[in-house]
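By written order: A, B, C and D. Residues from 1 in each chain.
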Amino acid sequence: MNKNEHIVQMQSVIKTYRQGKVDVHAVNGVSLAIENGDFAVLCGPSGSGKTSILNLIGGLDVPSSGRVWVDGVDLSTLDSTQLSSVRKDRIGFVFQAYNLIPVMTAYENAEFVLNLQGVSEAESRERVMATLKAVGLEGLEHRRPDEMSGGQQQRVAIARAIVTRPAIVLADEPTANVDSHTAESLLDLMQQLNREQGITFLFSTHDQHVIDRARRIITIHDGKIESDEIQA
Amino acid sequence: MRTLCFLLAIFLFLPAVTAEALSDKERTTHILNRVDDLWRGDSSYAVVTMRVKTEHYTRTMRMEGWSKGKEKTLFRVLEPLREKGAMTLKSENHIYSYLPKTDRTIRLTSGMMMGSWMGSHLTNDDLVKEARLEEDYEASISFEGVRDGLDIIEFTLTPKPDAPVVWGKLLLTILADGYAPLLERYFDEDMALARTFTFTDMKLLSGKMRPALLRVVPADKPDEYTEFIYEQLELNIEVSDAMFTKASLKRR
Amino acid sequence: MNLNKLAWRNIWRRKRRTLITAFSIGFGVMLAVTFTGSGDYTYTNMIDTGASMGMGHVTVEPVGYHLKPTLDKRLHGVEMLREKIVALEGVSDATVRITGQAMFASARKSVGGAFIAVDPAFESEENNLLIRSIVEGSVFSDRAGRGIVIGSRLAKKLQVKIGKKVVYTTTDAEGEIVSNIARVTGIFTTGENTIDGIMALLPIASVQKTLSYAPDEATVIAVVIKDQRHAEGMRDKVAALPEAEAADVLTWKESQPDLAAVIAFDKAGNYISQLLVGLLIAVGILNTMLMSVLERTREFGVMMAVGMSPKVLFKLVMVESFWLSIVGLILGIIITTPWYYFLYNYGIDFSGAFGTDFSYGGVLVDPVFKARLFKESMMAILGTLFMLALLAGLYPAWRAGRVPPVESLKTI
Amino acid sequence: MRILTLASRNVSRNWQRSLVTMLAMAFACLIMIFFASLMEGMIQGSERSVVSMNMGDIQIHAQGYRDDPDLYTRIDSADELVTRLQQQGYMASSRIYGYGLLAANMASSGVHLRGIDLKQEMTVTELYQHVGYGQWLVEDDSNGVVLGKKLAATLGVDLGDELVFVGQSADGYMANDLFRVRGILKSVSDGIDRMGMFMPMPTLRQLLVIPEGAHEIVVIRGDRTADLVAETAKVGGLVEGLIEEGAAGLEVKNWKQLMPVIARMIETADVQIMIMLVIFYIAVATVVLNAMLMNVFERIHEFGIMKALGVSPWQLLALVFAETFILTFIAASVGLAGGWWVSDYYRIHGIDLSSMASSISYGGIAFDPLWYAAITTEALAYPVIFLFVIAALAVIYPAVKAALLSPVKAIYYR
């Protein structure tokens, strides 16, 4: 099997947490492949294992067993610094609670990862401005997170996730904290980015609006894939 | 004084005479020479009893002494038994003390010079300084005539400016007749009386009439005194230099 | 957005906390400056005063004189040597002296004491404490004359006044007991009872004659140097002179071991106190940084999620500690400067509480609490506090870099 | 009680933050205790160097002896006085003194003879423990003497060397005898170092012909904490009683009166230590203040939620104080235990400063180069009390703020 066809590949991944005195199988034997340009969603009830899967793909967590490849790299062979650099270069994250860095402006938040990558100032400026424009934040570059609405903050988060042109953007319930109108516009944005720039998105959500927009719907239940279907 | 053992040496002197002696000076010198004649001699031997009375004790000590020239004196305790054999040697500027009980000789350092000699009212420094009196003072007659019924001559001895002496002046009173010393008084720089030596008890000693009793009274303790009583005095006797060496102390 | 800028913004997220922490660092600066400065000032003062009591910062003496100061030991060719020494870089003054024990006697009393024979031409209020402390009369002007300057307590014991005669008796080079006369030209009061009770200054040529010394023989060349801290170096320089070959060269530490001991003891106490205060401040910084790291667990998680490596995170927190300590040091400099200015120029006068005659290790101490900080000490204080602050940041920084990303993201 | 339970749960729930706060406070407490013990030790050490080495608390002399230490100015009924003092619970020992010349080889020096009642002396001073070389006096070795350090150096003598003493006995005769160096003292005081020669009292009585009486009686209080001035007066009264029986006038003085310069110096050190302690407390205050402020401010958001759940401002205030109390209590306990332990270690072992200086003398008195800590109730209690006070003060502001903030504001407080 040629792993390069897939941006993400999971093979029989099991993740067990110890909660109090019992072991909880958050992820219980998941094998999954996400293809380039996908706009996929992981759905399922709370505690079904969606976030755990995203964390495993993002290298934020290590599987108890099984293996995860991202962009052809086997995450299990990497140490924490190498994992950081995989995240930095190949993955973009969008969180439910925006998780912007509070002391930085919209521009700086978006620029942050480019900075980490060591991109030159001129180039990063161009890219950040373009990205902010793309997410509809033109003119708001110098606002700090606490000076922006939830939707605006999430747009910054999206900008931060895509500005590095990652192989995949992992978005953990990106619309959970915003009103439905804002959610729609954020989804429009992401869909547009997927279409126009070919960025692969993987969401976790239980929001029907998101599920409706997805091209591929993977349903998770008790840490297992219940169904995996392509939507027309 | 230079002829006697050092005890007497303490209180007499041969004051200096300047070369360009005036008539007054000549007379002064003449009289003082006569006083000095009383004890003149190149060497001497004496037996003396010392009596010390202080607030706390009264003690008597008998001793014999030899002198040669003015810089050498040796001195040995005869009585009491407790101290018999203790010796004091003064040679030039040094004082050595020989202690029979411990059979040791000690040289007194400069720091000890002001200590009491043998429990008396004289200090070790008095022993050293006496020899220098004539170098240190200038004399003049300050009074002649009758005082307290006696025809006397009084000399004032003023220390030379460079002389290392602490006194302001000394007053020596002698009998006009026979030049026997009567009284010698020491004054400090403020001319307050510091101590008094009195000479009494004229006696035939070594063929001449000389005062045989010397009494020292400190001015601040009028009830205390130290007395020296001459029993025997021989002048110009044979004394060997070897006697006045540190090495001889132990041998005796 | 570089790390510095980010760190700078981070430390100002909690202004109150940062200011209190910075204040405690600043307080540390102030304390350290006060105590080190007072130490620098007092010790220099004590050492310089000690040096002006006869032996200088560096002392050239006959071999073995230090252990057994008898007058048969002496230096030869002192004038030559003195000139050579004065020509050395860093020497402010060198004086030839004879020091010894003597009996001082007046008609009233005799008292054991000690003398320093000096050449009035070379002595001044600067290099001679006794001259500086003259309260009556003045120093003799003739090096071969009959003057003597004595301590007030000695004068009282001897019952002498200005112009009165004092006979001094000592043991000369041959062991002979010799005496000479002097007249009081001056009386000094240093306030130190021992010195006032036993010391006297005599003209050197007279003493040389009394002791049968040649005119270029003496027992001591007292070297006063510009900066007391260079005493060791100066000792070696002086000892290297060919003229000093047959002499012992000592520093004040060797010639005045009591003083050296007092200073060493005081310094030790001072260092221990400062160390404890420093530790306390370090714990304060540690506490602040640790709190700050703990409260930002989630933020660090995000940073790691977007690809920041643990190493960079560690660096970030260290840079925050760095800026925090810089702020603290600057705050310290701001609050310390007027305080130091005050201590430098006016000082706190303790004479009301302690009296004016205050001596440690046989050396008088100024009852006015003043501070004079050496440049090196200033650097040492800032450097030490800075290092402490960084050290205190180490654990929190390590903690930050170790945050497990998933856990942190879960914390709301 | 429910509040306390809730508070303790809060403390343990935020265990990391609590631990950090407590550690900072405990460390501050430890340092304060250690520092106070060190300073107390320094004072006690200084006093000990003065009092226990040679001076004693109180000294009795015949009237006029101190101005002019005359061989004849004696306390006649010394033995009786010592017995009386001992009956009253004091420790006392009499001494006789004399002056003379000591010579060895060709060197000589003035010497201050000190006749010591060996048995009694051990109860009042520690001189016997202060022998640098050789041994302390014993009754059997009547001619074995102990010399001051500088005196031994001046004479150039070593252990076992012979010494010749010459002086004058009380009856006016020459006193001289041979002695042997049995011991050489460490640095004690300038006078003893330069001139002191110690010997058993009977030896000195015989040498100087002083069959009875003494020049000095040294007294130590039975209770070290008793007020010195009052005790001096008491001893004075006791002595007064004896004088009526025909003894000469006696002078009773305590060491502070005898050595005013040293006493003042120690008082000065006291002032300096007070200043240092105040500085310390300020440093501790900033640390504790910051720790407590952080601990409470961080959680205003949480308090907002509690208020939203219906906790009253007073309950919240009580809760914050209860939490603070728990934190401070644990921190103080740990700090107390740690401070006590560290101080106790240095109380026993001391900080050795002798590498820096072999002897340290202030104002003619030699001080011990080993710096011991001393543990007193004050040194232990004050830091703990201070910790509670500062913690309470530090927490008032944020606690009141939390209590008064509207729940919504509190929830979004940052």
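One rule holds for everything that comes next: a residue touches a chain if its C-beta (ideal position, glycine included) is under 8 Å from a C-beta of that chain, and two chains touch if they have at least 3 such contacts.
A quick note: this is a predicted structure, and the numbers were derived from the prediction, not measured.
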{"item": "Shortest walk length in steps over touching chains, chain A through to chain B", "value": "2"}
{"item": "Remotest chain, chain D as reference, centres from CA atoms", "value": "A"}
{"item": "Pair with more cross-chain C-beta pairs in contact, given B-C and C-D", "value": "C-D"}
{"item": "Gap in Å, rounded to a whole number, between the CA centres of chain C and chain B", "value": "56"}
{"item": "Whole-Å gap separating chain A and chain C, where each centre is the average of the chain's CA atoms", "value": "66"}
{"item": "Length of the line joining the C-alpha centres of chain C and chain D, rounded to whole Å", "value": "27"}
{"item": "Touching two or more other chains - residue numbers and ranges from chain B", "value": "109, 111"}
{"item": "Sequence positions of chain C contacting 2 or more other chains", "value": "112"}
{"item": "Overlap residues in chain A, where contacts from two or more other chains coincide", "value": "none"}
{"item": "Touch relationships between chains, expressed as pairs", "value": "A-C, B-C, B-D, C-D"}
{"item": "Interface residues, chain C side, partner chain D - complex", "value": "14, 16-17, 20-21, 23-24, 27-28, 31, 67-68, 112, 193-194, 257-258, 260-262, 264-265, 267-269, 272-273, 276-277, 279-281, 283-284, 286-288, 290-291, 294-295, 350, 353-355, 358-362"}
{"item": "Residues of chain D touching chain B in the complex", "value": "71-72, 101, 103, 106, 108-110, 164, 166, 168, 170-174, 176-178"}
{"item": "Sites on chain B touched by chain D in the complex", "value": "52, 54-59, 80, 82-83, 86, 97, 99, 101-102, 104, 106-109, 111-112, 115-116, 118-119"}
{"item": "Footprint of chain C on chain D - complex, ascending", "value": "16-17, 20-21, 23-24, 27-28, 31, 34-35, 38, 42, 110, 153-154, 156, 190, 261, 264-265, 268, 271, 276, 279-280, 282-284, 286-287, 289-291, 293-295, 297-298, 351, 353, 356-364, 367, 369, 371"}
{"item": "Chain A partner contacts - residues on chain C that touch it in the complex", "value": "1-2, 6, 9-10, 13, 298-299, 301-312, 405-406, 409, 412"}
